[in-house]
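These notes are about the structure you will find just below.
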Amino acid sequence: MISTKDVSMRFGGLTAVSDLNIEIQKNEIVGLIGPNGAGKTTAFNTITGVYKPTEGRVIFKGRDITGQKPHAITRLGIARTFQNIRLWKDMDVLENVLVACHLRMDVGVAASTLHLPGYRAKERRSREFAMSLLESVGLADQAREAATSLPYGKQRRLEIVRALATEPALLLLDEPAAGMNPQESLELMDFIGSIRDRYDLTILLIEHHMQVVMGVCSRMYVLDYGVTIAHGTPDEIRRDPKVIEAYLGVD
Amino acid sequence: MKIKRNTLLSLAGIALLVGAIAVADATLGRFSVRILNLSAIYIVLALSLNLLNGFTGLFSLGHAGFMAVGAYVSALLTMSPAQKDMNFFLEPIVPFLRDLQLPFPLALLAAGACAGLVAVVIGVPALRLRDDYLAIATLGFAEIIRVLITNAQSLTNGAQGLKAITKYSTTWVVWSVAALSVAFMLALVRSSYGRTMKAVRDDEVAAEAMGVNVFKVKSTSFVISSFMAGVGGALLGHMITTIDPKMFTLTLTFNILLIVVLGGNGSITGSVIGAIVVTVLMEALRFLDMPMNFLFIKTDGLPGLRMVIFSILLMIVVLYRQRGLMGNKEFNWDDFLGIFRRKGASGAGGRS
Amino acid sequence: MELSTFFQQLTNALSLGSLYALIAIGYTMVYGILRLINFAHGDVFMLGAYFAFYAATSLAMPWWVAFIVAIGLTAMFGMGLERVAYRPLRDSPKISVMISAIGASFLIENVGIVVFGGRPKSFPSIPLFDTVVHLGPVSVLSVSLFIPVITAAILVALLWIVNGTKTGLAMRAVSTDLDAARLMAIDVNRTISMTFGIGSLLAGLGGIMWTMKYPQLNPLMGVMPGLKCFIAAVIGGIGNIPGAVLGGFLLGVLEIMIVAFLPELTGYRDAFAFVLLIVVLLVKPSGLLGKHQAVKV
Amino acid sequence: MKKAILVIVAIAIVASVVGCSKAETKTDANVVKFGVFEPLTGANAAGGAEELDGIRLAQELYPTVTVGGKEYKIELAIADNKSDKVEAANAGQRLVDSDKVQVVLGSWGSGLSMAAGPVFKDAQIPAIGLSCTNPLVTKDNPFYFRVCFLDPFQGTVMANYAYKDVGARKAVIIREVSNDYSVGLAKFFADSFKALTGDQGSILAELNYNTNDQDFSAQLTQVKSLKPDVIFAPGNYTESALIIKQARELGIAAPFLGGDTWEIAEFINVGKQAVEGAVMSAFFDNDAPLTPLSKVFVESYQKKYGKLPSGTAVLGFDGYLLAIDAIKRADSVDPLKIRDAVAATKDFAGAAGYVTLDANGDPIKSAVIKEVKGGKFVFKTTVAP
Amino acid sequence: MLRIDDLSVHYGGIHALQGISFEVPEGKIVTLIGANGAGKSTTLKSVVGLVKPSGGSISLDGARVDGLATRDIVRRGVVLAPEGRRIFPDLTSEENLELGAFMRDDKAGVAADKRRMYSLFPRLEERRRQKAGTLSGGEQQMLAVARALMSRPKLLMMDEPSLGLAPLIVKMIFDIVKAINAEGTTILLVEQNAKAALEIADFGYVLETGRITMSGPGRELLADDGVRKAYLGEGL
């Protein structure tokens, strides 16, 4: 589905990610873990086009997408969420999702401003789709509330739903469980598993709480200082001495 | 049920407004009608700036430039060759432009189109800049346009400006264009495309990640806004019937910006109210410039006092009510009726 | 072009450039600390000139006393302006603060028109500044010899304040991270106020020097110099003090040399400043000496 | 939030009430209203103030007019046009509509007059321009007249002066490119000067500057290297004074010639020593009385304002008197009749000479040439058309 | 020393702290642990006045300090080494240290403390003329701690000092924290690296979405099953 070939990202003298090689198959859920500042989010940003990698290639569905603009990459089927929630604060919950639906509506300014019949049909479909997505995370009742008035956990869910509205094949989740208590985190992981099945997704997910991702991921990559220090199944990772040392910080 | 009621109310409201304008046009003096019509032009201009500033989050200070383009294009296209000869008495106008004459509606469209075109050519590259950098770059563009117009003697008549432009900006014309602009803005803002603009305003990075082509959305907004500014500028020219480059300075842009800010950044209702309030207030405050006698204190005329009071009012709004009169809310019947209901419930008798 | 003409133009350019530089420094100081384009800077500049005018004429002070009083008043005015128009908006979006700056500029101009009158006033001639000096074929007004010296002195003094004193340390801290500066027990409000004071002091000084060179005052006299010097500050890299000086000189040289080498384009002179601005913004938005600031995602 | 709205609404209400009550002042049967439409703020404020001084003096001397045996009191309705076209049209409309004036006087600045011209034309109110010299002001507008000469005439006069009196064969023109007045005058001067010298190359260069520019060193250095016999630099008085000052600093000795806008105290105040010897065309001179009224004007002006009048002030005076004269001749206060009377003006004796209006509404008038000498404007000669 | 009673903080619609109470006794190390967004940083920010509480009280040595300006709170001896270090990247390391002592007027004392910091963190002395932004993450964290100590605080609050640091450096930082504490400075430590924090803490509190859900001596919490499961990655 997606692979990165020797992707490196340098800022000035600082190498945030070096020689990242990730390979994910369709319908896998893969974790990208590592301590804060290990370069996980930078890796996301190079995949989604926010940064153009200093070196290396990003291949999605057999196609080189390195250096493409983020919106173009989203159109190709990669959607993401953000570590620090980035909802549109002056819009309500439904509108937040509808903006993401715009991508697949393929309507121009003229058609949408004049509310031409074709646009009306598409808009109706988008609304139905958005509402069904909201329903799936229990936000349908709050569709008309301001997005930022939701509690933290629900904002996270809304971000995921918003990403789903772009109808992606690959979903990148940046610390989806941040700010949740362990119970909520576990529920979230179940939810992630369920959307994978329902929407036929491939998921790459950043976390730094390992036990949260262990249950849901089939494989994981461990980053430290931008370097991939390990990858494998949760069991392999759990036993890897390098991971234990670098990641858990045990003495 | 409720929706039906509101639709009916809206229709009634529109009918009432049309009636009011008709009555005003027929009965009010020319001065009042002039102010009324000027308000309509400012509605168009304020909406155009609000589209950029309020709905797309682009801070542009270049509106005067696009207005100038619109005003000149429409003026030159509607003038007869004889009028042009009279105007260009220093240096003759270039021949192809001399003989080109279009009916007013076409000229108005051409004015908008040319302003839009200028926006594409010079403005769009500047959209890579952010915030205050964009503001000063657009400000710079507007000044450059003005200097070009001043120096292009055989095209624009330079500093002499143009005189005897036909007065097409009648009450019905300006208010129709204003109504059309309001309708257009409402339709745009409520459409899917309008939502992407607001998304770009609130968080560009998130918008880009959700598949919104941020650059395209910004450019579209910029070009539409310039188109409207061009139309507004043209209407202004056809109202005053004479234009020159000195009209289109930064002060003009600031005036429109004030309307947008006063009315509420991101509120169509706000821009409409702001345009009317500001235009009327500027004239209503004129008494401040005259000699006054308040009881015992007599002053000689203090020319300029009006502008002082006006600027103080503006500062009060900016400092104490940053979101303007309407915030980013729009007028709707439920809130409007709610005001009366609340007053009735609290039993306040002080309604005048 | 004859050599003497060229040298005369070069002198013109340096003289204009150093004046631009002097005013641009004030702009850059204020921007450096608040990231705010102080649209009212040009109007503060105008006030400085008027204060000096009234002190020297109505109050009949000796010119140097008048200058000191005027510069002091201007600095105080700048601090007051920050307090009234910018401080209440410190946590507001950038656009609000900019609009407030525009509003303040409007207000000062309009008050100026009412208080000072719309008719231009002329500054009484001060022989020390108002004599023509001949340097070979080149002639120059004596004030034009003082201005570069003053600009250089100000540059040195400011670099010392910013890099060598505790106040300067606080200024630099406040300009990078407001909250972290608070954690260092820095009085952020006072530091910002002081920066505004210094910036306005320079505007006042610039206004006075300006009227020494071009001895007429009117309430809108600050608008064009304000814009030009802002452009100079942006070209040099706004927030960067040596950058402002560089930008001022560049702009002065450009404006003069355009006229010198392409006299048929004199009518476009004002446009060139803006063209230069836009080119710099598009090619290197952070200015010639400015640092690039990455946007964090 | 509510407070801010309340404040604004309250002020708006108060303003409109006061404003309206002002506008609706008693329409006394025995009052004639003269609208004065001038830039009292903004870039042209000084010129507007000069004209207003002349008008006020005239009102003081001639506060009434007798029509049909009835004495009418003359009231002034003054509107500031802020040196801005949009405002100018509004102010003009306000005068005819709210103040219901019978005649309009003004405005300094031809562009402003042109902006309000159609308003007066529509309302059929006669307007008398005072010092607006642009040919377009009265063109195509049967309701606009003026009491000053026009730019083409002024340009010719100065070209003649340059050629004959200065003996110049090579001239440089410095134009304020954003000022219609300056650009127009420069062109008329250039045409005449070329005709006089018979040399298309007699204008060595036309250099430009913009309104509000203050540094002209680059243009002037250019001028210096061209070594012209004379420099024609019509434009705003402040910029012009700065140009001459900077030219002298650069060591340019050639005489400077300009137009009527120079004849104002600020020109000498700003230029000081440097403008000594500058020569300009003017409307009027205190030392060369053109009519019996000239002396009356100069004396009463000095008494009222404690200074010598400028050519602009005298035109304000004359405009007011022409309006009274027309009302007397029409023997009516009906604006249309006043208009016809104004249009028929012949040999009207104002303080600044005799006025006869042509079909366009423009006077055929003499110009005066003055020079700055000893910090004063000194009469040189009168040029008849 | 520090006492927090029923502290509430709102950010717009979010109720970030929902009435928490705890105490930091003089001379002790107290730690707040919890997930991202639980409200740990908010707590520290409200103590130094960077965040205005919407309810509750904060008192220092018995005197209320909520509502005071940050500068005045710092002058009373509370200092925060903030999350993400927040060093001044364009200033040199030495200037950063001087800023830490900004409120102090005793030049000799400041100079002595600077020397002490250099002996505590020799790496910083090597880099004293270098712009702080060019330091490595660990060096920046050392600088942040040293800068905080330059004000001679009575109470040192540290927000995630181990963030993004290599284990060796984390260990070193924690050793220094212990040493500082031994010299008499009270410490309030916020950490996600719960294990390291609890090991050195006298007392710990667990924050969960704006509420304190557990508290107890560090060692006890370390042994608690719930804590182990939720925050220590046990049962991996």
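Order of writing sets the chain letters: A, B, C, D and E. Residues in each chain are counted from 1.
One rule holds in what follows: contacts are C-beta pairs under 8 Å (C-beta built on N, C-alpha and C of every residue); 3 or more make two chains touch, one makes a residue touch a chain.
Every value quoted in this text rests on a predicted model; they were computed, and no experiment measured them.
Enquirer: How many hops, at fewest, get you from subunit D to subunit E via touching chains?
Expert: Each step joins two touching chains, and the minimum needed here is 2.
Enquirer: Tell me, please, which chain's centre (mean of its C-alpha atoms) is farthest from the centre of subunit E?
Expert: When every chain centre is compared against subunit E, the largest gap points to D.
Enquirer: If you tally the C-beta contacts for C-E and for B-D, which one comes out higher?
Expert: Most C-beta pairs in contact, of the two: B-D.
Enquirer: Return the distance between the CA-based centres of subunit A and subunit E, expressed in whole Å.
Expert: 32
Enquirer: Suppose each chain is reduced to the average of its Cα coordinates; what separation in Å results between subunit C and subunit D?
Expert: 36
Enquirer: If you average the CA atoms of subunit A and of subunit B, how far apart do the two points sit, in angstrom?
Expert: Chain centres of subunit A and subunit B, defined by C-alpha means, are spaced 42 Å apart.
Enquirer: Could you tell me which residues belong to subunit A and also touch two or more other chains?
Expert: Those would be 50.
Enquirer: Where does subunit E touch two or more other chains at once, residue-wise?
Expert: Touching at least two other chains: none.
Enquirer: What parts of subunit D, by residue number, touch at least two of the other chains?
Expert: In subunit D, 40-41, 45, 177, 208, 210 touch at least two other chains.
Enquirer: Spell out the part of subunit C that touches subunit E in their complex, as residue ranges.
Expert: Interface residues on the subunit C side: 166, 169-170, 172-173, 176-177, 179-188, 291.
Enquirer: Which residues of subunit C touch subunit B once you look at their complex with the stated criterion?
Expert: 35, 37, 84-85, 88-89, 92, 94-96, 98-100, 102-104, 106-107, 110-111, 113-114, 118, 223, 227, 230-231, 234, 267-268, 270-271, 274-275, 277-278, 281-282, 285, 297
Enquirer: Can you list the subunit C residues touching subunit D in their complex?
Expert: Its residues touching subunit D are 1-2, 5, 8-9, 12-13, 15-16, 113, 117-122, 125, 132, 134, 139-141, 210, 213-216, 218, 220-221, 223-225, 255-260, 263, 266-267, 269-270.
Enquirer: Can you name the residues of subunit D that touch subunit C in the complex?
Expert: These residues of subunit D touch subunit C: 40-43, 45-46, 49, 177, 205, 207-210, 212-215, 217-219, 221-222, 224-225, 238, 241-242, 245, 248-251, 266, 269-270, 272.
Enquirer: Mind listing the subunit A positions that touch subunit E in their complex?
Expert: Checking each residue of subunit A against subunit E gives 13, 35-38, 146, 148-153, 175, 177-182, 185, 208-211, 214, 225, 238, 245-246, 248-251.
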